[in-house]
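Several structures are given next for inspection.
You will see two complexes here that share chain A, one where it goes with chain B and one where it goes with chain C.
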Partner chain A sequence: MSRGSLTHKMPAWQPWALLLPALATLAALVLVPFVQTVILAFSHDPHGFVPARPGATFENFHILLGDPGWWRAARTTVAFALAAVPAETALGVVLAVLLRQLGRRPRGAVLAVMLLPWAVPGVVAARLWGWMLNDQYGVLNAVLVDVGLIRHGAAWMANPAGMLFVMVIVDIWQATPFMTLLALAGLQAVPPDVVNAARMDGASGWQCFVHVTLPLLRPTLAVAALFRLLDALRMFDLSSVLYGADMNGMTLSVFVQMQIVQFGAAGYGAASALATLGVIGLVAALFWRCAIPPRRGGDR
Partner chain B sequence: MRRGLSIILAGCALLFGQRASAGSLTVFCSSSGAEMALCRSETQAWSRATGNTVTLVPLLSDWGTILPLYRQLLSAQKTMVDILVMDGTWLGTLAPMLGTIAPAPDDGDLAPGPFVSAGREVALPWYRDIGLLFYRRDLLEKYRLPVPQSWDDLAAEARTIQNAERAHGDGSLWGYVWQGRTAESLICNALEWFGPAGGTIVAESGAVDLDNADARAALARAAGWIGTISPAGVLSDDEEAARGVFQDGHAVFMRNWVYAWALANDPQSPIAGKVGVAPLPRARASEPPRGVDGTVYLGMARGTAHPAEALSLMRYLTSRAVERARVVTGAYIPARRSLLDEPDVRAALPVLATIRSALLHPVLRPMAQTGVDYPRVAWLAANGFHDALRDRHDAPDTLHRLANVFEVMAHRGQWPGRPADKNALQEKTE
Partner chain C sequence: MRPARLSWRWLALAAACVQTILPLYWAVVTSFRRGPQLFSTALLARPDFGNYRVVLSEPTWWRDAANSLVSAAAVGLIALFLALPAAYALGRMSFRGRRTVLALLLGCAMLPQIAILSGLFTIISRLGLYDRLGGLIFADLSFALPFAIWLLAGFFRDLPRDLDEAAALDGCGLLRRLAMIHLPLIWPGIVATGLLIFMNCWNEFLFALAFTLSESARTLPVGIGLISASGRFELPFGIIMSASLLATLPPVFLVLLFQHRIAAGLTAGEVK
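This part shows the complex of A and B:
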C-alpha cells in the first residue's frame, strides 16, 4: 500500500471524484433501466380490460414457467448458439491456418474479401438469404432445378428444423470471418521457436499443430468464442427478419421484443428479459468453465 | 454557442407554439403517395371551410411497426397526435387511449358500425376491405368450370386444372395460393375456412369458441391442400408473396384483398385481362358468401387538446360526400352502406357488383371481445394454426390447447361479456 507515492499524496475522495462522471453515466444507462426492469417484472400486469394493480408479485415468472412459447424460444436460442459457435470456431481456425500459408500481400487481399460478410448488417444478410432461399423465386432453388437435382423448388424454411438450420448457416457465413481474423492474430502470436523445437524433437506437422499450436491458441480462441457465444445468445436480426412472429424460429430476444413492443405487456416482457439474462449467464458460465481449464497449483 | 442555443429555442417555440394555437390538428392518415395526396386534399378542404389548420404526418409503410408507435404516442402525457388512421386489429388494444365519439344520427349507415369498447364509441370506419377469391378466368373457361362455391369445389377444380396444365408442360402451375405465414393474414384465412359454424375464435358474447367440429374439419381440409394444390412454401407466404405467384401466372386461384385486383390487371401484369374475382367459397355452397373484414378506421387521441375540431374532421372524412369522392378518385370501398348501390360508385369500382354480397356479411375478428389482448390472441392462434397445417394430423389437439389458453387469458384479462367481470369493466371505464 505504501509503495506508490501517488496514492500517498492523493486524498481519499479524489479517485472517486474522477470516477464520478463515468459512474454516473453507467448508472443512468445501465443501472436505472435494470432496476426499472426488475420492478416491472414483479408488477401485476394482467392485460385485457383491467388495469395493472399495485404491489409486487411473482405472477409474471409463474406464467413464464408454464409458457411453451418461452421454452421453445429458449431451446431455439441455445441450440442455435451451440450449433453456430463451434462450427464458426473450427472453420475460423482452419481458414486462419490456410491463410498463414499465404504471403503477406495475398493474405491481406484474401482477408479483405473474406471479411465482407462480417461487414454486411445482419438485417440485410437475413433479407438476402431469405430471397435466395425462397421456394418459388429463390436463386438456390433455380440452380438446383436447372442442374436437375430437384424437380420443384424446396421450401427450406417450412419446418422448425429447417428454420433453425438456415439461421445457423447464415450465421456461420457471417461470423466465420470474425473468428478467422482472431484465430489468425492468435496464430501469429505463437512463438515460432516453440514449434521449431517440437519439429526438431521429431513431431509431425499434425502433432505440432495439435499439441503445440492449439494449446497456445486456446486462450485467444476461448475469448473469441465467448464473444461469439454472447452474440449468438442474444441474436435478434436473423430470427426477426426471416420468421417474424413464427414461434418455431423465434429466439429469446425476439420473444422479449414481441411481449413489450407488439403486445404492450411491459411486466411480462421485463420478466422474460430477466429470464433471458439468466439463460445467457448460465450458458456463458458453463462455457467458461469448460473452455478454460482450472489453473494448476504451481502455475505462475 | 449562443447562436446554437437560439436556434434550439426557436425550434422549440415552433414545435410547441404551433400546438398551442387554436384548432390546429395533427393527423396520421396514410403512408403511400397516392393516399397521402388524397388525404391532403380532403383535409385542406375541411380547413378552408372551418378555419382550422391541419398538419399531416406520413406513416411508416410497414403497418406492423405502427401499432407500437401509436401505443407510445397515445400513452404520453401530452399527445402529439389528434387523429389517427387505424387498422381494425389495433382497435381493441388502443381503445382505452382513444377519445369518445358522440353518436350521430346517420351512424346506422356505417358498415361495419363504429367500434364500441366498454360502452364507448372510439373509432369510425373509413374505408373497407374484404377477403376475396381471385381466379384465372381464361383457365376456368378453357376447362368449362364454374367459379367454385364451396372449398371442396375449389380443391377439385384446382386439382383438375393443375394436373391438366402440368401434363401440357406448365410444370410450375399450382392450384391455390393463400396466406399461410404465421401472421394476422393466416387468422383471416382460417376464419374464412371455418364458416359461420366454426366461429371466430371468441364469440360476440365473449365465450371462447374455437374447439369445435367445423373448425377442426376446416383446418384438416386446408392442411390437405398443402403439397397437393398449394405449394409447400405457402406456409411462409404473406399477401405479396401469394400475389407474386398468382400474378406471374403460376396459380389458378388466390385468396387476397381488394388491392390485388388493380395490380393483377395492370398493363405490366402477365395475367392482365385474364383474371376474375368472386366472394370466397364456403364450407357448404348454400351458405351466404362472406369474407374477413379488413376495414380501416379513424379515431382520435383521448388526450387531444381539440376534441371538438377532431370530431368535426373525422365526421367530415367519413361523410357521404368525401367517401363518394374517395371511391371515384382512389377506388376505396366506402364504409357507407347507402353508397354501395349508387351508379357513379358502381361505375368507379366495377368489382363492387360481384363482391356486394360478401360485403353484406363481413366476418369480424374478435378485437372487441379480447380488447388489449387481441395481438397476443392473434399471435398464439396464428402459430397454432400454422403448426396444425404443417403437421397435418394435429388440428384437434391444437384447437383444444388454444381454447384452453384463451380461457385462461379471458379469466386473467377479464374480457367483457362474462357476468363476473362487470365490476372490473366499470373500474376500467371510470
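This part shows the complex of A and C:
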C-alpha cells in the first residue's frame, strides 16, 4: 500500500525522462555499431580496407566455415575458458573458506593483497609472466633447474598446448581474487543457524560443507562463474600481448580484431564477430544448463 | 589440536598471498637490473632506479600516461553523470518495462567488445575521432555506461523505501529528493562505481589498440604492449618491467586505499 502511494504521485513519463539521456547515448554507442556489424557481416567484402558493398549474402560466413584459423581460435578460446573458470571457481571457494575464519582486520589485509593481481592491467600481467616463463632467462626455469626438477630449461610457450597452459595460468593468477571475493560474499550470506543445526545432528565439518554450505552457495557461485565465463570467452589482452599474430595461441577476440584492424576486412571481421557471439552464447547456455539443474515442479 | 589446524590454515593463506605477490616482486627485482645482470636469477637485487629514470625521461611515456589518465577520468565522470538519473529511475521507481531495460543493460555490459568493433570503427572514423582521445573515450563508454547504471541501480535499490515517502510527504520534489537525500546516502556506491570504471579504462587494451594509431592518443597499456615490436630476442626487460610497474601503480594504490569500496562494488554488481 505504501508503494501504491508512491507510484500514484509519479507521472508515467518521469522514469523514462530520467532514463532518456543514458539510453540515447547507449543506442548511439552500442545499438548502432551492433546493427552496423550485422549489416557488414552480410555484405560483400573485398578485404584490404576497400569499403564493403552492401548486399544480403552469406559469402562471409561461407568463407568462415572453411577457415581453419577461425576454428582453431574457437577451439583455443573455449578450451581456455573451460580450463580457467572451473579452476578459478574452485580456488576461490577454498580461499574464501579460509578467509572466513580470519578476524575482520586480518581478513581485510589479506584480501587487499589478494586483490592486487586483479588490479594489474592484462597487458602488464602478460608481460610479467612472459618474462618469468622465458625459456632462456626466465626465473621459473632457473629455479626448477636449481631444485633439480628439470635438467634443461623448458620452452613453455613453444607448442600450442603450452601456449594455452600459460594463458590459463596467468588468467588464474588474475581472476581468482574476483571469485574469492564473490564466494566470500556468498559464504557470509549462508545463515549460520542452518550449519549449526547440521553440526548438532552430528555432521562432520566436511559433511556440513559439502551437503549444507555448498548447495546454499551454489546459486551465487553459478552466477559468478557465468560472468567470469563470459569474460574469459572474450579474452584479448593475454593472447595478443603474449603471442601477437601467432595462430597457435590466438583467441577469437584477437582473430576478429586482426581481421578488422590489420587486414581491413570489415565485413569478414563482422561475420566472424557474429560467429564468435554464437560460440559464446552456446558455451554460456550449456554451462548454465549444467550449473543450475532444472527446477523441480513444486519449487515455484 | 586446535593450534595445529589453525597453523595449517595460515600456511595455506600465506601460500596464496606469496603466489599473488611473487610475480610482482620479480618484476620489481627485474626493474632494478640492467645489462647482463638481467639474466641473473638471484632472488635479491640492489635498488637501482636507472631503468625508471630512462622511462621517466621519455616524453612519450608522459604523454601515454596523460592519455590514460584523461581518458579513464573522462569516461568515469561522463558515465556517472549519465548513469545517475537512469539508475535512480531503475532503482527507486516501479514502472512498466523496468525489467526489460535492466536486462538490456546487462546484455550491453556483457557484449564482447569485438561485436561492436567494426561498427564503432566506421562511426569513429566518420566523426573524425579516429586516433584521437575523444574516439577512445567514446568507445570506452560503450561498456562503462551500462556497467555504471547496473551497479548504481543496485545501490539505489538498497536504500530504505520510507525515505522517499517521508520526503514526498514533506513536499520534496523529485530532483531535490535525488540531490539532497539519495546522493549523500549512496555516495560510497558512487565512489566504488567510479573507481571500478576508472580502473577498467586504465587497463583497457582492445579499444585503445584499435582506435589509436600514433603516439598522440596512445595509452599506457598500448605503449607497453608495443615495446616488443622492435625485436623478439633483444627485449629490454628491465625497461619493460619498470614501465609496466609504473603503469600498475595507480590501480594498485586504488585497490589498497579503497579495498572495501571496490570489494563492495564488485560483489554488488555480480551477485544481484
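Throughout what follows, the second predicted complex is superposed on the first by the 269 of 300 C-alpha atoms of A that agree within 3 Å, B and C clash if a C-alpha of one lies under 4 Å from a C-alpha of the other, contacts with A are read in each partner's own complex, and residues count from 1 in each chain.
Criterion: contacts are C-beta pairs under 8 Å (C-beta built on N, C-alpha and C of every residue); 3 or more make two chains touch, one makes a residue touch a chain.
Only a predicted model underlies this, so the values are computations on that prediction, with no experimental measurement involved.
Enquirer: Between chain B (first) and chain C (second), which, if any, makes contact with A:P46: first, second, both or neither?
Expert: After superposition on chain A, A:P46 lies in contact with chain B alone.
Enquirer: Have a look at where A:G244 lands relative to chain B and chain C in the superposition and call it first, second, both or neither.
Expert: Both partners, chain B and chain C.
Enquirer: Quick check for you: in the superposed arrangement, does A:G153 touch first (chain B), second (chain C), both or neither?
Expert: A:G153: touches chain B, not chain C.
Enquirer: Is A:V261 contacted by the first partner chain B, the second partner chain C, both or neither?
Expert: After superposing on A, A:V261 lies in contact with both chain B and chain C.
Enquirer: Give the label of whichever partner, chain B or chain C, reaches more residues of chain A.
Expert: On the superposition, C touches more of the residues of chain A.
Enquirer: Could you say whether A:D135 touches chain B, chain C, both of them, or neither, answering first, second, both or neither?
Expert: first
Enquirer: In the overlaid three-chain picture, which partner chain does A:S253 touch, first (chain B) or second (chain C), both, or neither?
Expert: In the superposition, A:S253 touches chain C alone.
Enquirer: Which chain A residues lie in the overlap of the chain B contact set and the chain C contact set?
Expert: Residues 136-137, 244, 261 of chain A touch both chain B and chain C.
Enquirer: Can you list the residues on chain B that touch chain A in the complex?
Expert: 67-68, 71, 93, 118, 171, 181-183, 231-233, 235-236, 241, 244-245, 250, 370-373, 375-376, 379-380, 382-383, 386-387, 390, 409-410, 412-416, 421, 424-425, 427-428
Enquirer: In the complex formed with chain B, which residues of chain A make contact?
Expert: Touch list, chain A to chain B: 46-51, 69, 134-137, 151-155, 157-159, 243-248, 258, 261-265.
Enquirer: Tell me, which parts of chain C touch chain A in their complex?
Expert: 9, 12-13, 16-17, 19-21, 23-24, 26-27, 30, 38-39, 41, 82-83, 85-86, 88-90, 93-95, 98, 101, 105, 108, 110-123, 138-139, 141-142, 145-146, 149, 161-162, 164-165, 168, 174, 199, 202-203, 205-206, 209-210, 220-222, 224-225, 228, 237, 240-241, 244-245, 247-248, 251-252, 254-256, 259-260, 262-263, 266-267, 270-271
Enquirer: Quick check on the complex: what are the chain A residues that touch chain C?
Expert: 2-3, 5-7, 9-10, 12, 14-16, 18-19, 21-23, 25-26, 28-30, 32-37, 40, 94-95, 98-99, 101-102, 108, 110-125, 127-129, 131-132, 136-137, 139, 142-143, 146, 173, 177-178, 181-182, 185-186, 220, 223-224, 227, 230, 233-234, 236-237, 240-241, 244, 252-253, 256-257, 260-261, 266-267, 269-270, 273-274, 276-277, 280
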